[in-house]
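Shared between the two complexes below is chain A, which pairs with chain B and chain C, respectively.
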Partner chain A sequence: MMRMFLRRLRVVIPTLFLITLLSFMLRVIIPGGPADALLGGSDNPDTIKMINERYGLDRPVWEQYLSWIGGVLRGDFGISYATGLPVVDVIAPRLASTLEIVGFGMVVSLVLGMAIGMFAAIKRETRVGRFVFAASGLGVSVPVFWISTMCAGIFGAMLGLLPVNGYVPWFSGVSAHLQSITMPVLLIAVPPTAFTIRHVRSAMVAALDSPYVRAARAMGVSSARIHFDLALRNAVGPVITFIPFLASTLVGELVIIDVVFVLPGLGASIVDAVHFRDFAALQAIVLLLAVAVVMLSLIADLVLTAIDPRRRKAVS
Partner chain B sequence: MTIAQQITTGRTAPVGKRTRSDRVLTPTVVFTLAVVALVIAVGLLAPLIAPFDPLTTNSGNTFASPSAEHWLGTDQAGRDVLSRLMYGATASFRGTAIAVAVFMVIGVPWGLAAGYLGGPFDEASMRLADAILSIPGLVLAVAITGVVGSGLNMSMVALGFIFSPSIAMLLRSNILPIRRADYLLVARSLGVSNLRAAFRHVLPNAFAPVLVQACSLASIAMIVQAALGFLGLGVNPPHPSWGGDLADAYLFFTEAPFATVVPGLVIVLAAFSISRIGDALRAWLHVG
Partner chain C sequence: MSQPSAVPHESEHHDAEPILSVRGLQVDFGGPHQAVADVSLDLHAGQILGVAGQSGSGKSLTALAALGLAPTNADVSGSIRFKGRELVGAKESERAKVRGSGMTMIFQETVTALNPVVQIERQLELALRANVACSKAEAKDRIVQALQDVQLRDVSRVLESYPHELSGGMCQRVMIAMALVCGADVLFADEPTTALDVTVQREVMDIIRRITDERKLAVMLISHDIGVLDEVSDRLVVMYRGRVIETGPSSAVIARPQHPYTKALINSIPRIHGSHNEFIEMPPLDFEEFAPVDHQGREVVA
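And then the complex of A and B:
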């Protein structure tokens, strides 16, 4: 286990380093430099000089990178260009709704995806099973901005079943809070759920068609035991492997969901940062999200090694 | 299906008939090819065949229902929805083509070099691929577009860059087994240069899965492009784009739900068709 962890670190640490470089590059590739972008094309050299000094943009690029990364390691992401506040203070209030939407979205995708995927695998020879499989094919490719605007329009604006006008914090009323996040969570989960269904189904089908399941059937093992004990066990591995991918998908869709449902999350912050040309905040958010995805995949790998005896053996 | 497979799976293929999975030009594939051909044709011919100018507003005729004059009605500014969709096809097709060109131009040499050369370049460039892929695609696309400025061309170049590691990693993993192939050893011992061996012997044998992957990335590119348009970062308004028009129409959903439904359906149909062509290609090229 320890050896596996160390081996993964050899891959994770260079990746993390490159992620910081990529996020930093966002500032470097701005046409005309950050000060120009900040001032919206004002050409007063004194103002530009002042801005450059204030944000340390007059120093060599590598020095800027080192001081930026030094700050990041101490939890200081610099000063937001748009608000003049520390970036941390801009981002922190956005975490609550994001963690909630992405977290619940992940739970819904995994639970629904595994249940429906198993169902589709067991019923693979029937019309229902084939229909579910075909529908999941559509589900992975349907654009979230389209289904979310359609659902928000139909269930929110036209029928008034669920609110679509923003996020209600839980301390303003639990029921109102749950209502405000229901549609965002269900919609953000559509592609990841469909993706999970497809993978669980194919892993289950492979297991159900395998010689050991055939042997178990011949020995008179009950269907329920075969499905849950033998086949599902083999379908869990792939699910854990792609949890980081699901997280990354969910965060990508968050940008859309935050905009459509007017949620105060990181997705909205990214769009705001772009509109207000707040590159310090933009860098920080991109970095945080990427690091979160890398950490998740490290954890997923460790969990997989812990629960799968074949992997444990392969490593040690 | 081989005899051994039939015995182990207990299923039999009809004798003397090609099985369903062997057929490439199924009705679905023909349909999807037709859809893609239609989108490209409409995109290229939009200025000739669009019934109205997509930018001409008419404040006296907003949210008109479909009629003989305006087949799909008009939008909030009284512009012809069908004409805007046709011009939107131009933007969508051009944007997807830019993204595909960029990720192939970056991804193929990258994957070829990483897989064939191996060593420190392989190691370093694959970490870079990990780093790029660990940033959620839409987040990176929005960030880069926000930095370099919105507009169709730049945003699709950014998207092509973001997708290039997928191509590079796939090509690299397909090249690894070829490096030990006998024919490569023979070619090298006959004095074929490294560069020639890479392009003549390695690349063609590892390329089929890349084509399949390119189709599915093209389909995602089309959707992401629409998503960027939806966020106001793609084609600059008031010029027509499927995503941007959908965002505009959504603001007036209760007045004219039809205007949100139609661009969305067009995006879904076009993107789905491209990905189905990828599936057909997979079957035709016998990619696993």
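And then the complex of A and C:
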């Protein structure tokens, strides 16, 4: 297990390094700088020079990178150009809604996706099983910005069932809080749920068609046991491998959900940061999200090693 | 085309009621040819019925159909009677009850026929508990006993192993042990030694022979290799294109094959000494011209 962990670290550390490099490159690649954004088109060279000097943007790129990395390692992500506040203070208040929406979105996708995926696998030869599978194809391909706008319009504006904008924190009322996150959570979960259904279904079908399930049937093991004990147990591995992918899908949709439902999350921060050329904030958010996904993969790998005897053997 | 039988003990078995009796079995997938066109055979307690034939002749499908495990798109008709009870057309719940405790099957796959992520002991326990209600201690006793019956050494290590930690031969023994703990009367063994090397093959065949005698099992042993069947089976059935084309005591069928297909099949057994086998090109055989042969002295197909 320890050796497996060390072996994975050999991959994770270069990956993390690459992520820092890529997120830092954003400021080099994206045209315009904080000076443009802050001055609103003024081209007074002295002012631009002053702003660039203040944020250290006049130094060579590699030097900027090193000093940024040095700060990041100490938990200092620099100063947000747009607000003049430390980036940490800009991001921290945004974490609450994002963690909640991505977290619940993940739970909804996994629970619904596994249940429906299993159902579709067990019923794969029936009409309803095929229908569920086809519907999941629709779920994978539907654009989130479209379906969330439609739902906001129908359930919010027309029927008035749920609020369509804003985030109500816990302490302002539990019921109002839950109402404010219901639609964002369900909608952010649409494509990940559909992906999970397809993934679980194919893993379950592979297990159900395997020689060991056929043998178990011949030995008189009941269908319920075969579905929930044998096939599910063997489908858990592929699902765990799949979780980091799920997380990256959710993070990608966060931007759209935050904008459509006017939520104060990291997705909204990304949009603001791009808008104001606030590279310090942008780098920090991109880095944070990417590191979260990488860490999740590492955890998924470790869990998988712990539960699958074949992997355990292979690395010990 | 009838051939009188020269083997006297065969008649005794035919006095006893067969445990499994298949008559006029047909399995149809809706294609131009029937996968199983017309199969009749009996399985008797304490006897091994060898079923020979090439791939696609319907051997495995006959066994799967008897268990009720034919693919769901297969149309099964005819008669399958287990201990006098008709199974064709019976409810799935009825058929499920027969699987395991009544009839069971082992396969050509050895390692992959076991669940890759579960220890052997738990797998045997699952099979046992699916068929027999017993205490934890009694379950353990039965499992250990079954593993000893299939001559596995180092039983305690096997119990806590995962399938990938065992050899193919060991896995096949575990599968046989699993069939034993189920307490079935009928065992279908579908090419059980095909994936194993020759010496292990022999050991596994000997085990199957021994448990058949000791536990009075009715065994249907499927193989494409008629030479292997000749050594262990009491009676033989030769299948060709979904039909039984020759049947009788193994010794009679091997010594005096009547049907051209049987002759070709026997001719295909490699010989160590003497000249190499002449390759016989098999033309598609006409069932009108070459009627099925029964060495008991009656036509198999009416």
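Basically, the second predicted complex is superposed on the first by the 306 of 316 C-alpha atoms of A that agree within 3 Å, B and C clash if a C-alpha of one lies under 4 Å from a C-alpha of the other, contacts with A are read in each partner's own complex, and residues count from 1 in each chain.
Here, contacts are C-beta pairs under 8 Å (C-beta built on N, C-alpha and C of every residue); 3 or more make two chains touch, one makes a residue touch a chain.
The model shown is predicted, which means the values in this text are computed figures rather than measured ones.
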First, second, both or neither for A:V221, with chain B first and chain C second: second
Which of chain B and chain C A:L73 touches, first, second, both or neither: neither
First, second, both or neither for A:P211, with chain B first and chain C second: both
First, second, both or neither for A:L159, with chain B first and chain C second: neither
First, second, both or neither for A:M2, with chain B first and chain C second: neither
Which partner, chain B or chain C, touches more chain A residues: B
Partner chain(s) touched by A:R310 [first = chain B, second = chain C, both, neither]: second
Set intersection of chain A contacts, chain C complex versus chain B complex: 211
Chain C-facing residues of chain A, complex: 125, 210-212, 214-223, 225, 229-230, 233-234, 237, 307-310, 313
Chain A - residues contacting chain B, complex: 11, 14-16, 18-19, 21-22, 26, 29-31, 138, 141-146, 149-150, 152-154, 157-158, 209, 211, 244, 248-249, 251-253, 255-256, 259-260, 270-271, 273-275, 277, 279, 282, 285-286, 289-290, 293-294, 297
Chain C to chain A touching residues, read off their complex: 67, 69, 72-73, 96, 99-101, 104-107, 109, 112-119, 126-127, 130-131, 162, 164-165, 175, 178-179, 182, 188
Touching residues (chain side chain B, partner chain A) in the complex: 8-9, 124, 127-128, 130-132, 134-140, 142-149, 219, 223, 226-227, 230-231, 233, 243, 246-247, 250, 253-254, 257, 260-261, 264, 267-268, 271-272, 275
